[in-house]
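Below are two complexes that have chain A in common, paired first with chain B and then with chain C.
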Partner chain A sequence: MRILKLMFKNTLRHKLRTFLTILGIGIAVMAFGFLRTVVTAWYAGVEASAANRLITRNSVSFIFPLPLAYKDKIAKLPGVEKVSYMNWFGGVYIDKTQFFARMAADPETALDVYPEFIVPADQLAAFKNERNACIVGADLAKQYNFKIGDVIPMEGDIYPGKWEFVVRAIYQPRDKTVDGTQMWFHWAYLDERMRQEMPGRAGQVGWYIIRIKDPKDAAKISEEVDNIFQNSRAETKTETEAAFQQGFVAGTGLIISLLNFMAFVIIGIIMLILGNTMIMSARERTKEYAVLKTIGFSGSHLTKLIAGESIIISLLGGGLGIALTYPIVGLFSLVVPKSWFPVFYVEPMTLLLAGSSALLVGIVASLFPIQRSLRTSIVDGLRFVG
Partner chain B sequence: MKIPLKYTLRNFQSRRLTTGITVVGIAMVVFVFTAVLMLAAGIRKTLVATGSTENVIVARKAANGEISSIIMNDTYNIIMSIPQVAKTADNRPMATGDVVVIINLTKFGTSGGISNVTVRGVSQPAFQLRPHVKVVEGRMFNWGAREVIVGASISRRFEGVQIGNTIKFGGDTWTVVGQYEAGGTGFDSEIWGDVTQLQDAFNRGGSFSTVTFRMAGTDQLDAISKAFAGDNRLQQFEAKTERKFFEEQSEFMSIFISALGIFITVFFSVGAVIGAMITMYAAVANRTVEIGTLRALGFRRRSVLAAFMTESIIISLVGAAVGLFLASFLQFLKVSTLNFGSFSELEFSFALTPDTIMSALIFAVLMGLVGGFLPAVRAARLSIVNALRSA
Partner chain C sequence: MANVMIQVENVSKAYRRDSFEIPVLNNITLNVNEGDFLGLMGPSGSGKTTLLNLIAGIDRPNKGSIHVGGTDIATLNETALAKWRATHVGFIFQFYNLIPVLTAYENVELPLLLTSLSKAERRKHVEFALDVVGLGDRIYHYPKQLSGGQEQRVAIARAIATDPTLLVADEPTGDLDKNSAEEILTLLDRLNKEFKKTIVMVTHDPRAAEKAHTVRHLDKGELT
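Right, the complex of A and B next:
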């Protein structure tokens, strides 16, 4: 117990230095936590995927449509509970920088396959009843101040022309892992316009969402779906929702590697800051350590003394960093539009990683000074001039 | 009188480890800072080089990229009737209507990892409009055949698109007959074929995604924009120089990377500044007697201040040099990512611009100034008697 007291006393000897070290580690740990949060936000779509949802799209790429007629064929397969479909609408609202997901969906089935989008029953009925009604996420409604009954005008690009949608329902995401920034409108409304203006593009859907009874059958059903349409003009590719989302993330692997690399560098920086402090302290105390050895303290005592001090400082810094992560993540989500990172929150895993890397750094940073002080003989230590 | 620089340099020698650690810390921050700026600059540079200032590209105003733009055949004919469109030797408009689509291909070495690749259908004048596109292996595709040529970077990175392979899309198979290079521009990351074949395969009738033409003279853009504004049938379309169009495709990605990178490196730098501060405070504390001696010899307070500031700035400049040196090797690296602007794979290299070097140096000097200032002030304020007595 005495040794613990000595450790604490040691940390307080150079108050300014200890304070700066803790602050430095704290800020670095905060940057680490922030980076991890960005990475997890990137994977949010994969994380939020349901195991019982499959996505079927055109095998050439997602920009090519599939015929609506596929729906009934897919629905007949054993193990399939529900089939819904969507089209990516794109379009411009206000100007091109205002980005959020706009989709044409089948109002009858969309919410059956996406139960995590929670809509009050009366609003859902109103949405289903009006041809040009739309449903928006609560986060989106907050960002643009949409209210029930508002008209959202849009300029189409993939589907050219002027479009107007009436907000009839606002969905609440079930929890914070669910995207609250999407907008859906009636697929039939889109199809009707296409039938009149570009008949070649009527009756086409972007992708099918299939809800299956048992997630264990995912691979089997995916294969069966693709087999039905093999050698047709529009071959399909069916995969689990997670794999589909992963495909989008995989393309931007470079950014993920960049972020991970930065996280790695941060740990290096923390190590340098703490290592520097510990080396300096141990160097200044060379004489003291020689005195301790002279009066009979063993090497293990010295080891505990130095390692303990290092760990105390690193844990304090780590704690400060974790405490700072929350405000900085909050600040970032205030500055950046919600629709860029629809799901942005600090995962418990992030905190665990930050805390454990701080602890690890505490141990590693003390190794060099420990080794040095153990190696210095008593005579050399007493003779040492700083 | 100034304290000789030699004094500062000797000090580094006597405290090698601590000085070294601080230099490494700053080098790390500068390296990351530079790498991020180089990445953003690389994307921009590649896409700026893609487009020419002599060509004009027409796309639908609302479209975010080429894939979401549609230009019908009658609109194409209206655009061709604008007098500022240059003519080829046989008096046809020097223009190409492109059809741009995305297909999925499997990347090498990622065990089935797929990515989006742009397939561009072009008309014959395209090769005059974009003279940097040259077939380097195999042969040019035959007009009127289901054949394609593949950009160098795509054939390096993706499976099944080498000469002799067939690619399946649009309800048909396409033979790869050649490989082309486009001088490190965005076109290197594409697959090209005959536009009429693609229109046919994708049921596009006579419609295009974008239309690109050569201007009949320099600086005709104003006249062209006026012609667009004056024609009711062209209200939904917009003409830009090809360079500006492709440069805009880099915007989102390069702003995103720079913003995120700078946000994070600023935090890094706070860590490094604190590291430098700790080192400098220790340097001052260890040298109290020395400082007293210097003062007793007649050196002024401001000379002491200057000496310590110089020390700190030298440390940070050495750190910056190391960081920049290491980062400069990144230029040899070619990377690729999904570009949000075009939603398809784009290969580019890290680009080290003079701006980036300047920013990194200024950034490092700032770190040195901030980290060194407070300790230097403490050194300068020591009283001679106390300092000499402190041993």
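Right, the complex of A and C next:
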């Protein structure tokens, strides 16, 4: 503690160099934080998955439907609490660039399996009571200025034709890990149009959502569900919601791996920036360290002095970077449509990673100068001409 | 009769430079009494500074023994030697070697940070040392705000702050003008006489050597 003052004074000895190093680290940590936030957003669906939810889809592909009749059979299995179902609707709202998730859902059960979507009771009742009613997420409502009673016209693509949905409820995500940009409407509304216009597609659901009593039974129940429909016209594949979501992002794995790799390359860059500064500083102070050793300072004192300075700079840079990450992520959220990254925020884990990386970099960057100062004899140090 | 404070016995020292071994000191034997003021003179490369470094415990002999105040310093490990230096030796360098980012006060306080003294006690020691060297009014000045002579006086204050028994000075007037050099020599003389410090001083300057009680000459690594 007594050498703390010297540590701080050393840090400020070359103010411009220290400032530029802190700024460099800050920008690098900000880039790290931002990339990690993008990666996290990519996996948000996986992360937000509930352990007690299973998804049953057609075993051939997600795009092939399953009969509605499967619902009751699944519901009878021991350990199953609730079964709901959905269809991916697709459609075009305004133009093709306006993307958000639009799904036909069962209004009676959908919110039972997705309790993280919070809907006021009166709005829920209104949603259930009107055939072409829809429920939209609060973030989506904010993005398009949807209000209760508004009509959302849509051009169908998977389900052709002109569609109109009346906003009757706006759900609030339970927390920031929950997607607030979805739109659900009555599955029955979709089905009755299909009965009239494309009877072959009636009575079909995209996937089932199964709420189970005990997450530990997930594997067993999944197997039981799939066994029921084995050798049927539409065999099923049941898996946990996390595994199901993982399947969506798996195709982009290489890009995500590259982003992750870049994030860690940035840590290497920070290390080089700080390492360079620390090596220069320690080299310039070779004689001073020799003087300190002469008057009785030990190797451990010098280690603390050099490592302390390095850690001060790295933590200041890390702090700056973390502080800058928030406005950058905020700016990105403003520029990029919310529905692209429905869950986009700086995770505490990202902060922890950024902070601990900065600390680690501070320690590692000081190792070489410490080793050098310890290995230089007093006599050689006193003779040193920088 | 005064006690012997420094006993250098049959000490040899050579440095390795690449594949060459350069002998610097050959079989040196030297005694310095307590309270003595020894001047070491000799041409460049004669081994004066090396002998001083060995006596002060900042270098180790290849052969022979060095006892200072009864301690065989050649046998101490690095940590013990660092502690020993902090307690028993004050260093005065030719180029002062003050830490530029610390004030005169903080520079003098440096060796005291290694002791168990409280902040108030350290302040007392620092103020006393700076008063002794006549810089009580410059305690918050940084080295760059002081003249060369004043910087050397701060360095002397730093050397005496822990009240060591031995002061080693390597060309303490080598970088100073005549008047400043005279002030420094007077100060060293005072430290020797008034504060009973044993001083070993390396110098080229015959006027500096005049202040010493004993002058020994080194030539090609041997005492003459």
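Operating definition for what follows: the second predicted complex is superposed on the first by the 385 of 386 C-alpha atoms of A that agree within 3 Å, B and C clash if a C-alpha of one lies under 4 Å from a C-alpha of the other, contacts with A are read in each partner's own complex, and residues count from 1 in each chain.
The criterion applied here is as follows: a contact is a pair of C-beta atoms (placed from the backbone, for glycine too) under 8 Å apart; a residue touches a chain by one contact, two chains touch by 3 or more.
Values in this document were obtained by computation on a predicted structure and should not be read as measured data.
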Query raised in the report: What is the contact status of A:S377 with respect to chain B (first) and chain C (second): first, second, both, or neither?
Result: second
Query - Which of chain B and chain C A:L292 touches, first, second, both or neither - result: second
Report task. Could you look at A:A51 and tell me whether it touches chain B, chain C, both or neither (first, second, both, neither)? Result -> neither
Requested in this report: For A:A219, decide between first (touching chain B), second (touching chain C), both and neither.
Outcome: neither
Requested in this report: Could you look at A:G156 and tell me whether it touches chain B, chain C, both or neither (first, second, both, neither)?
Outcome: first
Requested in this report: Go through the superposed model and pick first if A:I94 touches only chain B, second if only chain C, both, or neither.
Outcome: neither
**Report entry** Comparing the two partners chain B and chain C, which touches a greater set of residues in chain A
**Finding:** B
Query raised in the report: Looking at the overlay, does A:A323 come into contact with chain B only (first), chain C only (second), both, or neither?
Result: neither
Query raised in the report: Given the touch rule stated above, what does A:I3 touch, chain B (first), chain C (second), both, or neither?
Result: second
**Report entry** Of all residues in chain B, those that touch chain A in their complex
**Finding:** 17-18, 21-22, 24-25, 28-29, 31-32, 35-36, 39, 60-64, 67-70, 101-104, 110, 113-116, 168-171, 202-203, 205, 236, 257, 260-261, 263-264, 267-268, 270-272, 274-275, 277-279, 281-282, 286, 335-338, 345
Query raised in the report: Across the complex, what residues on chain C touch chain A?
Result: 53, 56, 58-59, 78-79, 82-83, 85-87, 91, 93, 97, 99-102, 106, 110-111, 113-114, 158
Query - Contact set on chain A toward chain B in their complex - result: 16-17, 20-21, 23-25, 27-28, 30-31, 34-35, 38, 59-64, 90-92, 96, 155-158, 160, 200, 233-234, 237, 247, 250-255, 258-259, 261-262, 265-266, 268-270, 272-273, 275-277, 279-280, 284, 332, 386
**Report entry** chain C-touching residues of chain A, taken from the complex the two chains share
**Finding:** 2-3, 5-6, 9-10, 12-13, 287-288, 291-299, 301, 377-379, 382
